[in-house]
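This structure is in structure tokens; I'll ask about it shortly.
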Amino acid sequence: MIDKRVSGPTEALRDLGDGASILLGGFGLCGIPENCIDALVQKGVKNLTCISNNAGVDGFGIGKLLATRQVKKMISSYVGENEEFERQLLSGELEVELIPQGTLAFRCLAAGYGMPALYTAAGVGTEVAIGKETRNFDGRDYLLERAFDADYAIVKAWKGDHDGNLIFRRTSRNFNPLMAMAGKITIAEVEELVAPGMLDPDHIHTPGIFVHRIFQGKGYEKRIEKKTTRKR
Amino acid sequence: MIDKRVSGPTEALRDLGDGASILLGGFGLCGIPENCIDALVQKGVKNLTCISNNAGVDGFGIGKLLATRQVKKMISSYVGENEEFERQLLSGELEVELIPQGTLAFRCLAAGYGMPALYTAAGVGTEVAIGKETRNFDGRDYLLERAFDADYAIVKAWKGDHDGNLIFRRTSRNFNPLMAMAGKITIAEVEELVAPGMLDPDHIHTPGIFVHRIFQGKGYEKRIEKKTTRKR
Amino acid sequence: MLDKEGIAKRIAREVSDNSYVNLGIGIPTLVANYIPPDHHVVFQTENGLLGTGPFPWEGEEDPDLINAGKQTITFLPGASSFDSAMSFGMIHSGKVHMTILGAMEVSEHGDLANWKIPGKMVKGMGGAMDLVAASNKTLVAMQHVNKSGESKLLPECTLPITGRRCVQKIFTELAVLEIAPEGGFILLERAPSVSVDQIKNATKGRLIIKGEIPEMIF
Amino acid sequence: MLDKEGIAKRIAREVSDNSYVNLGIGIPTLVANYIPPDHHVVFQTENGLLGTGPFPWEGEEDPDLINAGKQTITFLPGASSFDSAMSFGMIHSGKVHMTILGAMEVSEHGDLANWKIPGKMVKGMGGAMDLVAASNKTLVAMQHVNKSGESKLLPECTLPITGRRCVQKIFTELAVLEIAPEGGFILLERAPSVSVDQIKNATKGRLIIKGEIPEMIF
């Protein structure tokens, strides 16, 4: 089989330079590649295009890359939890493209499956449709959306093996398996890295063929955005 | 949660009538819905359109439905293992549409995901492309293929629960999860039916929302088409 | 006049037995509390779970288990997890039968605006454009008028829209209304002790009143 | 002149270290036996498995574990199983680097015909049209001439084609040939004790011979 292991985030990101486009897994702060985000900050690469459902919060997640002004453009579906983001957006420092959440998912899927484009009903008749082809099938309108063409995908999984096979846990799966399929180079950080044969083939969410570099991350904070509980 | 259990194949197929279009899971004889096929034979419904990667072998799988002349049309990617099939095809009794295997899979996926159509490179410039739209994206040609619109999907899983959640084993997964998503009414037969909560949510391949009726099958033969072994 | 809990309670009656439902943030989230105990309803959260349960017990929060509002949650027996493509796949194919969400404006043709106010910080549409575009049933839970006292039920939306001709019914503190096929808000029910005139005054779009309008039943 | 094992052995040298490969039925299947032991090559079977292993020990066949040729197989540590959409997804996105398959005819432009003979029973294209259409490398393993002694390397295919301009290299019992960008079969290597004239006589399409043609090395 094929060993995809690298020593850590620095080696994983070795060839990622200024101006790169990056798909970043996660929904809110759930399932985000914490180690790689820290390494991107340390590396100091600039003018990044980040494609991620959200933009983190002030001081955590993609918010860290915004604080250091490393992001030129964000492509997201929802960006509401970040004051620095808002400041940069209103001052014109940051470019933002907002797209429907399902469209974000499907454009990753299309890239991963070698489909150049897809049709979705989301956004028909709205400003999202401006400049896009609208086409009617069987009496309903759909927008033609193009597959993503991003340089890197950086994802976070629960478990992985040397071959790059990935397993996600609960709702931390979200966009991670889709982005893993869509990157030209896909980097996976995992909480637990195991030897080939330790994962049941039927339990694997992302086959290793989609993953180019894998390492076991350290010190996950897994910050909770909105802690909601019942009292005993 | 929602209880999808029915007593068995007879109840599961209660409203399936003459002329129905049916997606049937399986690849070769691997992962085929043996119990439902037998029940279809017993029920005697006629003029069926069967969409399945293969057409079984003489006397087993979809071959049983061919023997009783219940199939009007087959949509498959490969049909080579069946003499009765060949006889009916050459005599004009049976209509056959051959489509690329990936196209078969993607047309199910599109139906399951609410996409009206998809673009694929398979079949460009071949007789499969006749009558279809060919479109160029970034210098490559693709065919526009429509999502399936079938009345029923009949699939076979390894394990399932009352809510219709399904888990498949090894390569018996194949088209089953895709067809399960694509049927207007989806019937699942499983080797082992368990109570809700017995399956880990992260292990489920087909969420129960796609499955309308489920039952525990009996007496699986699981015939092997080509037994190939190493000698000790 | 209803409070938020009252609106949620009334909407809960619209949720069919044996159905899959997606709840938006705000009033819609409260609907889950009012589903009759003998009804089998499964809630989907579009970040990737079918079968969401109540909030976790204090101290048992799992950072890997949240809903689309980023709140910590639990799951019920029979739940399943999946990626975002499958999640929006089941939405777009209409397998998720109903979506209940908030709105800034609804037009008398069923257009919905709930994601953007020009000149203000735009947070994004999240999954709303997908949910309303899907071929399922879309119900709106909202206040009848905005903070400036202006009607949110209009002839045409003034804000950028989330989806066209997507809303079936609207539930406010004053009334239950249905979008007429030819356009207009058909008044179906009054909130307790609310008069038809009060509803007329709060509705800028065409209000269709046929016969006696009954008071809501819960 | 090579036998089937010889053709497979020669093709095995084309398979890069650290690559994912799909093998068709027939000669291509034999290629797996000749991958150098220090090469890391993962075989995909399009019915849904990465990391296929050898045939099972007698008595240990698993009916739920077969390859695309419907043969019982095993899997290696690090294998993964998946559905048919993901399988053809990884093929179409070019993640499966190489496909090796048989052919009835190849044209000098790299067109491939391997699925249908008019007037005979048509079995279907299976996954072949997907595999050759994908943006990966397509190698053909076949006999240079058919059973009637006619060349299978032609100016144009006479049979219905499986894909256009999809073949990069051809491996026969006589030679290794590459498709020229402008059309034509570039003769790269002769099989042991086969002359250039023998290859000329067996090739109906334009044969391009540049300088001395070396004998194959294994």
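A, B, C and D are the chain letters, set down in written order, and residue numbers restart from 1 in every chain.
The rule is short, and it goes like this: contacts are C-beta pairs under 8 Å (C-beta built on N, C-alpha and C of every residue); 3 or more make two chains touch, one makes a residue touch a chain.
Source: prediction; values computed, not measured.
Set side by side, the interfaces A-C and B-C show unequal numbers of C-beta pairs in contact, with more at A-C. Averaging C-alpha coordinates per chain places the centre of chain A 33 Å away from that of chain B. With centres taken as mean Cα positions, chain D sits 29 Å from chain B. Here the spacing of chain B and chain C, counted between their Cα centres, is 36 Å. In chain A, 106, 113-115, 120-121, 140, 169-170, 173, 201-202, 205 are the positions where the chain touches two or more neighbouring chains simultaneously.
In chain D, 49, 75, 81-82, 85, 88, 91-92, 134-135 are the positions where the chain touches two or more neighbouring chains simultaneously. Across the assembly, chains come into contact as A-B, A-C, A-D, B-C, B-D. By the touch criterion given at the top, residues 45-49, 54-73, 75, 81-85, 87-88, 91-92, 121-130, 133-135, 160-164 of chain C touch chain A in their complex. Interface residues of chain A facing chain B in the complex, by the touch rule stated above, are 106, 113-121, 137-138, 140, 142, 146, 167-170, 173, 201-203, 205.
Against chain B, in their complex, chain C makes its touches with residues 18, 20, 40, 42, 44, 49-51, 75-82, 85-86, 88-96, 134-135.
Here chain B touches chain D in the complex through residues 27-31, 53, 76-81, 86, 89-90, 98, 100-106, 108-109, 120-128, 140, 158, 168-178, 205, 222-232, going by the rule given at the top. Interface residues of chain B, counted against chain C in their complex, comprise 1-3, 111-115, 161-163, 165, 181, 195-197, 201-202, 204, 207-210.
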